[in-house]
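Report on the following structure.
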Amino acid sequence: MQYRRLGRSGLQVSELSLGSWVTYHNQVDTGAAVEMLAAARDAGINFFDNAEAYALGKSEEIMGQAIKQLGWGRHTYVVSTKFYWGIDKSGTTVNYKDTLNRKYLMQAIDGSLKRFGLDEIDLVYCHRPDPHTPIEETVRAMSDMITQGKALYWGTSEWSADEIRAAWEIAERHHLHKPVMEQPQYHLFHRQRVEKEYARLYEDIGLGLTTWSPLASGLLTGKYRDGIPAGSRGALESMSWLREQLQEPQRNAAVGELATIAQELGCTLAQLAIAWINRNPRVSTVILGASKRSQLQDNLGALAVTPRLTPEVLARIDAITLPLAK
Amino acid sequence: MQYRRLGRSGLQVSELSLGSWVTYHNQVDTGAAVEMLAAARDAGINFFDNAEAYALGKSEEIMGQAIKQLGWGRHTYVVSTKFYWGIDKSGTTVNYKDTLNRKYLMQAIDGSLKRFGLDEIDLVYCHRPDPHTPIEETVRAMSDMITQGKALYWGTSEWSADEIRAAWEIAERHHLHKPVMEQPQYHLFHRQRVEKEYARLYEDIGLGLTTWSPLASGLLTGKYRDGIPAGSRGALESMSWLREQLQEPQRNAAVGELATIAQELGCTLAQLAIAWINRNPRVSTVILGASKRSQLQDNLGALAVTPRLTPEVLARIDAITLPLAK
Amino acid sequence: MQYRRLGRSGLQVSELSLGSWVTYHNQVDTGAAVEMLAAARDAGINFFDNAEAYALGKSEEIMGQAIKQLGWGRHTYVVSTKFYWGIDKSGTTVNYKDTLNRKYLMQAIDGSLKRFGLDEIDLVYCHRPDPHTPIEETVRAMSDMITQGKALYWGTSEWSADEIRAAWEIAERHHLHKPVMEQPQYHLFHRQRVEKEYARLYEDIGLGLTTWSPLASGLLTGKYRDGIPAGSRGALESMSWLREQLQEPQRNAAVGELATIAQELGCTLAQLAIAWINRNPRVSTVILGASKRSQLQDNLGALAVTPRLTPEVLARIDAITLPLAK
Amino acid sequence: MQYRRLGRSGLQVSELSLGSWVTYHNQVDTGAAVEMLAAARDAGINFFDNAEAYALGKSEEIMGQAIKQLGWGRHTYVVSTKFYWGIDKSGTTVNYKDTLNRKYLMQAIDGSLKRFGLDEIDLVYCHRPDPHTPIEETVRAMSDMITQGKALYWGTSEWSADEIRAAWEIAERHHLHKPVMEQPQYHLFHRQRVEKEYARLYEDIGLGLTTWSPLASGLLTGKYRDGIPAGSRGALESMSWLREQLQEPQRNAAVGELATIAQELGCTLAQLAIAWINRNPRVSTVILGASKRSQLQDNLGALAVTPRLTPEVLARIDAITLPLAK
């Protein structure tokens, strides 16, 4: 495992990291979390991604308990959380749902710290942009979290280049803590934003990337090429919104062609997909969505694949996927 | 109930909200407060206005106890307080009466937090302008409350446009938290400030309004058209200063003409008056002064009236009231 | 008693106030302090001056205990302290004696708060200028005390106009809390600094003055006209350094001429001297050095004398004292 | 013992001070530390240097316990610590080893305060430059430590002139606490950085110096002129990396020539070497590495030697050492 700076910041994250959206989404308990976290750490992973919204706060609780049980020194791991959707479902939700206003953010960080059982969260993200709150209000709240010692670095997730730059410039002008990283969706079929839209931000403001959905919700593993297998995520009732996308014929055909390349490189389709993201030096870390130990082990194999992605191989991959990518 | 942004801020308040000046002014206990707050919340109200001076701190205490009793999640409601008059009556009052100096403000917020039993107040207002304190001293104290985590947004009440802009510009120049809202008197007979004096502030600094006295102390309900009825607010000894104003003949005659319009629209006079304020998109919320559950229910009916205020109806209302309005 | 703004700040202090240098300097106990403070407050005094160095911290302790015993509301009085000389006498004194460096100041305010038994001191002064510490270092420390909530306003004592302006400009440029007041020596024989040197500061930065030594260590009471009386301050061994100054013949002769004016105005010499300071609108408060209740009562009589100081009387006083004044 | 300002700051340090790298490096206990600290203080030393990395935190613990045992008033001594190498050896060390990133620094200061048992550390240093963290990230973290009251002054150790100036300018532009001092290696054979590279910084930003290694790891005592004596530092297994350097023939020959000068001046070689550093007015304090009481007593004798370093003597010393110096 290698480590990369989170953008221009001094914080280093493992090139592969572990998410918890799938893992903890009502599917596992603390015991299972302990096992996954320990396996990930043994492999050199030091960043564990989380969010307030994952399992409505339960994901933060379980991760906090698991880390405590594992007895890790506070210096040795990086955890994140993200704010936007809110989790309190009582009363009028207008001020703590889909918002980045000061009231929500300042009350949300206190909730996260309590659930994690920590004194400070390493990375805090604005989980989505909020067109109904001035960016300055959000920047001030995120920066105040850091000044108050409740967080160490802040960033965004799925913000436009223009929104990210606005946040950075407002923070610079008012001498506040500036955003350091963005968490975008990034995989073979979703490249536009990371490769085109953000292009100037890497040099101009030193933006780091922690990317999510490396396997396009499983599409890139090839398991949906012949329909939705029983027991897969696409078969879950709560995931019905994903189904059409997972069965999209042209993309599944492309996955078939990628399988040939994977075979030639001696790796699985998932490893190829992850290695391809990892090859982009703008990516600080690829957040893996593995929910089982076996999947994690398979995914970690991607590290050995990255060096095999020669210019020729990359050109073949582009020829197959670029016409179908966003 | 609809929700509106508090000016350009990301905080959303219900278009109608509940005040406590009349309600708690030595007239009710916690039980009655619980009932009123619950009814308001059931109707979708999320903002509950208060001030240090209301019943000399007792109003904050009762509201704090009532909310605790109701078990509301902290995310789900917005409370305010206001500072200016001071409530300690011992010793030389020179520094904590009619002032916005730093000593008073920093000691007042601590008192309010204690009375409310909260960790932070959502909105804090300078209850009146203080010509004897530099605006910068007040801006720094209000901003420091927010930086210290004791308040979330700050604003003014009954300040001139010039004073509000000065506060905003000083905060901007020194990178402090800027004022977000103003609480002006605003009703059919008091329109000048909101509609003319503040006109440029809405666009220039994104000022939000939380308006008070929608019924002009009851004048607009029509109940003073035939003198002061026994049991009304105007009959209270402590309200004797209001009496002349409530019996002003020209305005009461105008109220009579408005009654005709209300009848045509199928609503009460109070509903017409409230709906008229609510029609102004610059108003973030109309603070209702209802002290009884039945009044609150009547007032809430205004929401259905606003859409009936066609340009023609508004023109007729203007013709009746504008010549008598400040 | 009238109240005046402390310079351009919003804080108001009584035109006469009570010092503690003489009072508590190893001469009185808490009981006597309670009596003096109560008498002063009854007369309308709201400002009680103090300093770390007075009786090496004992003066702060006694004042804190006395105020607690009197049960005064925190809003109702203003207390001060001052830092420069240091009171710890153990070890190498180089960093906490005659200094305004950050180490000394930040550790000194914590000591004062503990001795006073208060959460914040209203006014904190730099007791003297320190040519061996950059003014920026001192400004940052004083401002940080306010930001941390340990003090409310800060100022200087016996600083030159240039030093005061430098402190103000540094604070303005770095968006810090600016100095509000200066505590200079000011009496009939010591006028130059207040009347000439500071002249531009009153308008330019809104400087307020809390003046000390109104009676020139007793010289202006006339009691040293015939030598040092037994039992007077001038007779104390510890005050031997004052003796020559108190017996200066020309000044004592001038005091004799002032006695004639006092007699004409129907007041004591001390009352004339205090009234003369009080007549200067640049003075926010005259700090009285009374150590006995009877002296305090006499001094308070000065309030009635100020209006009798007509231009003609002032001209006669100038003719007598100006040639002998610094 | 004389005292010098730490650069342009208002803090004064004794011209000689006591380090703890050798003393506490697994060689002594609290009892021995008490003895050394007491002897140093008796001689007028007021600054005691330390670092997180010395004996992996143990050195801070022992110094904290010793000072507590000695009962010193907090005003009367200055202690330091330094951050860079990290001491937690569990897990992936990437973020707390050889770094000045925010995560490490903010978590390190809390550890140091705990080990020392103090409320604030007087001086905190960045122990080395970190090319992998933006200087702004480090400046903000160091400044935040001071704003939060956990430290009083910050500086650097072994940074280049360019890095120091960059840190100072970033702090000035963003209104943060600026670096005050640098801790460079400085002795007869290592002069370039202090005398040439930093030349403009003394006037431009008021840089102070606390220098380390006055005796070039013992080389300047002359004890390595005839090889590595048994029992010396150079004979320790853990110091084997030093051996070649300590036996360098040309430098040992030069030490022989210096011995003649020392003899003429009536002092030891160590005293001559320390006096030579002390003669440089840019040096705020020479940190002594003495690990035994007898060595400390010898080193303190250097104070009497400094005045004997006439221009002629200095020229002879330069002739001997300058050609061999870095």
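As written, the chains take the letters A, B, C and D, and residue 1 is the first residue of each chain.
We take it that contacts are C-beta pairs under 8 Å (C-beta built on N, C-alpha and C of every residue); 3 or more make two chains touch, one makes a residue touch a chain.
Chain identities (UniProt): A, B, C, D = Aldo/keto reductase.
Being a predicted model, the structure only gives us computed values, none of them experimental.
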(request) Tell me which chains count as touching both chain B (Aldo/keto reductase) and chain C (Aldo/keto reductase). (result) none
(request) Could you pull out the chain whose C-alpha mean position is farthest off from that of chain C (Aldo/keto reductase)? (result) A
(request) Mind checking the centre-to-centre distance between chain B (Aldo/keto reductase) and chain D (Aldo/keto reductase)? Centres are C-alpha means, answer in whole Å. (result) 62
(message) Please tell me the distance, in whole Å, between the geometric centres of chain C (Aldo/keto reductase) and chain D (Aldo/keto reductase) computed from their C-alpha atoms.
(response) 44
(request) Would you pick out the residues of chain C (Aldo/keto reductase) that each touch at least 2 other chains? (result) 147, 175
(request) Quick one: which bits of chain B (Aldo/keto reductase) touch chain A (Aldo/keto reductase) in the complex? Just the residue numbers, please. (result) 3, 5, 8-12, 14, 41, 44, 46, 72-78, 120, 122, 147, 149, 152-153, 175, 177, 206
(message) Help me check something: in the complex, which residues belonging to chain B (Aldo/keto reductase) touch chain C (Aldo/keto reductase)?
(response) 86, 88, 90-96, 99-104, 106-107, 130, 132-134, 137-138, 140, 144, 148, 174-176
